[in-house]
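Both complexes shown next keep subunit A, but they swap its partner, so subunit B is in the first and subunit C is in the second.
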Partner chain A sequence: MPKLGELLTATRGRGRLDWTDWLSYGYLALGVLLMFGPVLWLVLSSFKTPAALTEFPPRLLPYGQAMVKVEGQPEALPLYRAKLPNGSTSEMVELRRIGIQATMIDPKHPDEQVQVNIRDRQPVREFHLATENYVDIFGKFDFGRFLWNSVFITVVATLITLLFNAMAAFALSKYRFSGQRSVFLLILATLMIPPTIVLVPNFLVVSELGLLNSLWGVIWPAVATPTGVFLLRQYMLTLPDELIDAARMDHASEWRIFWRIILPLSAPALAVLAIFSIMWRWNDFLWPLIVLSRTENFTLQLALNAFQGELTTQWNYLLAMTVLTLLPVTLVFAFLQRYITTGIASAGIK
Partner chain B sequence: MTALKYHVVSLPGALARAVLGVFEAPMRALQRVLGVPRIGWAFVAPNLIILGLFTFLPIAINFYYAFTGGVQLYPRERPFTGLENLATLFQCTNYLDPSTCNKDLFWRAIYNTAWFALLQVGLMVLFSLVTALVLNRKILGRGFFRGVFFYPVLLSPVVVALMWKWVLQREGVLNALLQSAGVTGVQWLNDASWAFFWSVFVSIWAHMGFYTLILLAGLQAIPADLYEAAQMDHASPWRSLTRITLPLLMPNLLVVVVLALIRAVQVFDEIFVLTGGGPGSATLFIVQFIYQTAFAESIRLYGIAAAASLVLALTLLVLTLVQLRISRAAVEGGGGRRDA
Partner chain C sequence: MAGLQMHHVAKRYGATTVIHGVDLQVDDGEFVVFVGPSGCGKSTLLRMISGLESATEGDLILDGKRVNDVSAADRGLAMVFQSYALYPHMTVYQNMAFGLENIGTPRAEIEAKVREAAKLLKLDALLERRPTQLSGGQRQRVAIGRAIVREPSIFLFDEPLSNLDAELRVQMRTEITALHQRLGTTMIYVTHDQVEAMTMADKIVVLRAGRIEQVGAPLDLYNAPANRFVAGFIGSPRMNFLSAHVATPGDGGVRVALDAGSAASGGTLLPVRSDGVAAGDAIDVGIRPEHLSLDVAPDHVVLDATIDQLEQLGAASFLYCTLPNGEKLTAQAAGQVDHRAGDRVRVGFAPQAAHVFRRIEGEPALPRTTRARAPS
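This part shows the complex of A and B:
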């Protein structure tokens, strides 16, 4: 215990926390609340039933109507705390309801039916995770299809990005050919041309190539990332040329040198680019919105956007889909946080 | 067990061998034709072809669209109209009042974007700086806190927007909290000023972690002996901040400001999902104007959209040139010190 105290107060090399430390921790605590609060609220809400979602003010944890299995009844019935005609209050289940009159029975004496005005009863709530929100979206909305589209675009585009960018980086770092410098500058120059300013002409190019409403129409324009070429080139410049010379002595072809020597040695840089590419493609929105207009081609992001207009009355499904969309990125982040943050700090890319 | 292990290990290996085999024969043939240094062209070709098709060619076509009219997508069917599209965009009796303009939405989008960029970048850089300064102190769980601030950067804009929409809705948690504090709830996204406020807020929330990280890297590169020397001279913490930290961080700060400006001018995803540009045109920004003009209206005015793209491209070009200048100055000026 004294060890813990020592640990907590071990700041600025002195024995105790001064007011600036308290201020810092206060700021960070507020930051945690503000940054994680909405995410936590989203996840908690996604486990609520539609009835619990319309409650105002909302409860923190997901609660649902308690259901009780009563002898002699085929299905579980909703439990209420009802005020009986004789003035007493008791926990009763609802058998059926006509207008404002509910026919209720006591679970302990299933034979005695009582008529209760619905104003004289309160539903009994218990902690209940509405996992059906997550199950239903696969049956009701073709969620599996959107998931597949997103996974396909992300995986295929990332593989092609890694291959093409590594090839270009290899040529720009390990050869001296005429025009090389211009090629490098040309690729770097595209850093200055964000896709937002060529939306209209790119739409023409993609439609002329017959890629409208095709997942490839999202993949091809995205694979030649200048950031990737730059990142990999900087890394490959640090690989010793002697390795290549030795391989040439053994009559290895240039492609074999690239594939067998350079690529495996560039694994750390390739991993960083792979993480970035996965995040870019998974989160893409504007370009897929333009290229993919048929529902069956929608990515998760497009499906979420389309549903938020239609499903405002069915927030339970929308929230469950949102959580499933955020899950992969969260897992990647949880396991690879160190690589991502150092990658960004050193390369300054996003 | 061994069988499973064998499969797991050999699948990538088999794939790698397959790709090697497919490409090796043609590349070997090319190598024979081109010779060794020029084989480099074969290696850069795929990347260059993609860039040519989807970046350089579109820039040229964009000019063509901007100077032709009509609603046809195919260039040959579009009549040449010269500067008419640009003239239509800039047709205003009073440039300060969008409602006097022919394309009033364009001017609203321009003013909204300008205000948004100013507010969002200013506040975001301020918060990022404060957060980076706090995270640069000797605090417990620094990695955890850094992760917390960075996490939203990775979330997709659509997820971010839906999450905040859920928080901000009429019977949402924010209004519930306000009510418990005795304040009446607000329909946040149905009010023009509040919708704009939340656009700025959500955008800062989603992106500040990235800039915090860059500034933190800059702070950690400042040599510790400078602070020790300041302590010897009994300089106050405030004086160390204004005389050591901020001047040495200035190159990073400038880069961050310009980078954030370049992103802010292109704001679209989060806000489009959060507010749809509304209420009215209160949160309509320039990229959404381009998107709507070209792709979301029944009459698709590609020419007007392309002309608006040119205006956006010009803005970005200026910002990028400023950025290049600053980073070069940073490399020449502060670079030596940072490497030390």
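This part shows the complex of A and C:
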């Protein structure tokens, strides 16, 4: 933590702020605002009530109507600052409203009812987190189902991706066979084909295999990634061949060499690929949209999309769900990001 | 425990031949050292024995069975690599146990064997460490331990000491020799260091460019090198080669005239057989630095030399000299000498210490008439 403080207050000049300091801090602040602003806005908005969301001009923090429990009334009532007929202003709760006339009472004197024109009163606002947005989506919608679908696809696809890509990378980096180079180049060449080009052929294949509307239809086409093969191969090239020779002398089968020697030693590169794969699968939208058409198979991303109705959208729920959808991938990234830098660095060099 | 025979074993990579038809017999329990300059094919030969490389042609016979098509895993040999090749993610114990796990040894037996090997190699206290936490010598021991626990029929060592510092190398050298005496297992050891070869081997195999130049006991190679290459390779500092001509070949020896010698001497009788040499043939006379002497005896062949450089080691001194005809000569004198660079000295050698090499293909040595032995 002291390191962080040092980093944030570092200056070029000794003691005084140089003009380059102003420039760089300004630039960085702008960057933070641009990058982090929308996320912050999203998170704060997800705690707003529908009324607060439609409010204009919008406020940054979630404010809600203050509610007061009044003696003799079964429920809490909304609090207003009202201009009374006698000219004074007082904080009163609304008992009921007919047209533009509201019947209001003073919480301290619950028996005196006053008629107030609604133009003569202002709602009293207080900071209020609408946590019900989050609570409700678990009950109202099949959020758990969507979450499970997303988690299942992400976890299973990532595990299979790691296994298959590691096996391909092992063969390409440690075995000498004719055509090895061409196979590798062929795999790399697929990087140049945009995914949208192969969308239709992929769909036809998945459809023929009867995997439409199944989570496996999302998983299988995604597991073989040229990026993953390339990343792992480059890393495995740096593992000394003598280790494999030693394992062979130790009577290890090729599978055992892969499983016991190569995989554990490739852990940094595998971690990088795992992070990538988790982010890809979790954020994937287009392919699941094509393959999954029944609501019970929807992933979170598809559910979010479906939530945006043609005529009305329940923004408060949509925003809460968006935050929940962002959360896992953010956590994964936060905890594993150091592997990305170390892994990419060591996969590239040497 | 097993003997190994190689019959005309060759290795080719495309058009390049790396090993040219090698024939070799390794007896049970023998310590054989393959030695040669880098690129001579000694490691390739070892890897072919191990099964990590396949032989292009010829027969590899292990314990009476042809093993050309048997995989490295099934040959029952163990190898110690130059880089040790310890599994970095496993502890010392796991490193040593890995081979036994692979052949399905019961857990209790693995434990017993690993502990025994660890005790033998003084690794008891290090079993839970990772290879990165060990020093070079300790890693070397683990690599040897990993080979021992498998109880292989033959140990293969691929330049195991070249990554260690000089002091540790000497220590590990004696440890490996002691291990061989204790286990009595056949060991094949590859090195480019002729000192290791001389000190450890029962039998040395000298290789050059994929061919065996000579096979023999260390002292046989020293005393009776088969050709100029072996003569130059075995022994430190390197043997001096002086160009000369045959004056008169005869039964009692060959009379030669050294190009660097005084013309008046009229030739020196060297006790070698005159196989196939005629008067006037150009030859090389080989003389080891340690057989040159500054105290010239009456029967010595004498040379006038100018000292270019002098190295005093205390127990011995090396004189790097130039002869009148421009040839270089290295002489080793016992103890310390009272000379300095630029001094002219007379150095002599006993005729029976000289080797004679013909200048035909392979530069073979003329066999000696006397029993090969270094003069005192």
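Keep in mind that, in the parts below, the second predicted complex is superposed on the first by the 302 of 350 C-alpha atoms of A that agree within 3 Å, B and C clash if a C-alpha of one lies under 4 Å from a C-alpha of the other, contacts with A are read in each partner's own complex, and residues count from 1 in each chain.
We adopt the following convention: contacts are C-beta pairs under 8 Å (C-beta built on N, C-alpha and C of every residue); 3 or more make two chains touch, one makes a residue touch a chain.
Keep in mind that what you see is a predicted model, and the values were worked out from it rather than measured.
In the superposition on chain A, A:Ala247 makes contact with subunit C only, not with subunit B. By the touch criterion defined above, A:Arg256 reaches both subunit B and subunit C. Contact comparison for subunit A: of subunit B and subunit C, B touches the greater number of residues. Touch criterion met: A:Leu265 reaches subunit C, while subunit B stays clear of it. In the superposition on chain A, contact of A:Val205 is made with subunit B only, not with subunit C. Once the two complexes are overlaid on the shared chain, A:Thr190 sits against subunit B while remaining clear of subunit C. Contacts of A:Trp19 after superposition on the shared chain: neither subunit B nor subunit C is touched. Touch criterion met: A:Leu318 reaches subunit B, while subunit C stays clear of it. The residues of subunit A shared by its contacts with subunit B and with subunit C are 253, 256, 260. Residue ranges of subunit B in contact with subunit A, taken from their complex: 16, 19-20, 23-24, 27-28, 31, 36-44, 46-48, 50-51, 53-62, 64-65, 73-75, 130-131, 134-135, 137-140, 143, 145-159, 162-167, 171-173, 175-176, 179-180, 205, 209-210, 213-214, 216-217, 237, 255, 259, 262, 266, 268-269, 273, 287, 290-291, 294-295, 302, 305-306, 309-310, 312-313, 316-317, 320.
Per the touch definition, subunit A reaches subunit B in the complex via residues 7-8, 10-13, 20-21, 24-25, 27-28, 31-32, 34-36, 38-39, 41-42, 45, 54, 56-58, 163-165, 167-168, 170-172, 175-177, 179-180, 183, 186-187, 190, 192-194, 196-205, 207, 209, 220-221, 223-224, 226, 229, 253-256, 258-260, 279, 282-283, 285-286, 289-290, 301, 304-305, 308, 315, 318-319, 322, 325-326, 329-330, 332-333, 337-338, 340-341, 344-346, 348, 350. Of all residues in subunit A, those touching subunit C in their complex are 240, 242-243, 245-253, 256, 260-261, 264-265.
Here subunit C touches subunit A in the complex through residues 47, 50-52, 71-74, 77-79, 81-83, 85-89, 98-99, 102-103, 146, 150, going by the rule given at the top.
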